[in-house]
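Letters A, B and C mark the chains as written, and numbering starts fresh at 1 in each.
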Amino acid sequence: MDRIAQLEARLARLEDEREISRLIAAYGPLVDAGAAEDVAALWTEDGVYDVDEIYLEGREQLARMVRSSAHQGWISGGCAHFVGPPHVTVDGDTAIAVCHSLMVVYQDDRFVVRRATANHWALARTDAGWKVTRRTNRVLDGRAESPGLLRQGAYGEPAFL
Amino acid sequence: MDRIAQLEARLARLEDEREISRLIAAYGPLVDAGAAEDVAALWTEDGVYDVDEIYLEGREQLARMVRSSAHQGWISGGCAHFVGPPHVTVDGDTAIAVCHSLMVVYQDDRFVVRRATANHWALARTDAGWKVTRRTNRVLDGRAESPGLLRQGAYGEPAFL
Amino acid sequence: MDRIAQLEARLARLEDEREISRLIAAYGPLVDAGAAEDVAALWTEDGVYDVDEIYLEGREQLARMVRSSAHQGWISGGCAHFVGPPHVTVDGDTAIAVCHSLMVVYQDDRFVVRRATANHWALARTDAGWKVTRRTNRVLDGRAESPGLLRQGAYGEPAFL
């Protein structure tokens, strides 16, 4: 491979990781803004968001979650979905990312951490750029699944759940 | 455009985003260190920091805020301005970034989240590199402005405030 | 220097920072997963982790910390070592990074911030990639060392401790 082709390949790797990190960094602002369609568009058409409390499949369910009275109540009460910097592992046209997130809410005139969560992201390169195929979140409250998710994520492996 | 010119353009975009993310990552450490001049130098000469409680314009006001007895009291009591990973949108010589931040303080022998905040950053390329022209922060306590700021930020649009 | 060599040098800088940021982003998931050897492998063979409560030197001590009943108790009780986005300064074959971290634990059916901490990272380029040579953490509870660490980190200087 010549020098220019090597540069192109190295740059493409950085660009992939940059795009994935940027997608993940969009989630918190968009979900706390109530931007239902934009949140849904982070996933593939049939992408999955598997959380402790809910299992969402496809963009319509994702958008409906954001529009739900429960979620709108978080926004109107005061809410931060604070997503940490992801560790990204790209393998061709798929990728795995892992990070922590905190859900901080305003209650009784003060801020409290409602949840600290393990986030495992599986992503795929599509015609519309990188998209989430499956996001698996588990609360870090001592349940055994959560440390396992973090490990799989850091290893760049799919979620075992 | 030839292959080398394409590489240069793609790399320049990554470099812009890297410089902006790095600038934003400097804010928390510098402000918690009380480095008044360094904090101020993240902004342009006449840059604005528009927060719920205060409106600062220009580097002298920014530096004075860091040197104020109020801010020094946070430092001496124990304080973390924890700024999340930004979502950055560059458009030529200006850029918009958005992120959450948490202000965590040490009070009565424990740490509490004093504030969770929506951060909207407008930046400009200057002779001295990227600088903040206007940072708009609003607490996520249910006030309507805060989700709006997050949305504008994620869309790469100027703050409406 | 010709255009291709310039591109190679600029890209190498981004790659260094990316690798260091990715290493730091691995710490939280790995330590909360209890992946003792993987945590230890983020450091050089004789790397140091200097924390308020403990001083660890070398990979065996690092791995033993993760395997300790104290740390395993955090995991089984529910724990997030939430590490913020680092500000990285590379200088040839060494680098300095700085960030905040929060240790959030699950206690009495709710999440609390047990610690907010200043993180100063010194790193070196090795045959196995970038590794931590010395990580210095101090709690942000008002002790004078912590703001100093943040300042040295943001300046790209070694920790004075």
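Assume a contact is a pair of C-beta atoms (placed from the backbone, for glycine too) under 8 Å apart; a residue touches a chain by one contact, two chains touch by 3 or more.
The shown structure was predicted, so the numbers you read here are calculated from the model rather than taken from an experiment.
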item	value
Assembly fragments, subunit B aside and the remaining chains unmoved	one piece
Same-site or different-site touching of subunit B by its copy subunit C, using the half cut	different
Subunit B-subunit C separation of Cα centroids, rounded to whole Å	23
Multi-partner residues of subunit B (each touching 2 or more other chains)	4, 7, 11, 14, 84-86, 102, 112-113
In the complex with subunit C, residue positions of subunit A that touch it	3-4, 7, 10-11, 14, 17, 84-88, 98-100, 102, 112-118, 139-143, 146-148, 150-151, 153-154
Footprint of subunit B on subunit A - complex, ascending	4, 7-8, 11, 14-15, 18, 21-22, 25-26, 28-30, 32-35, 38, 75-86, 102, 104, 106, 110-113
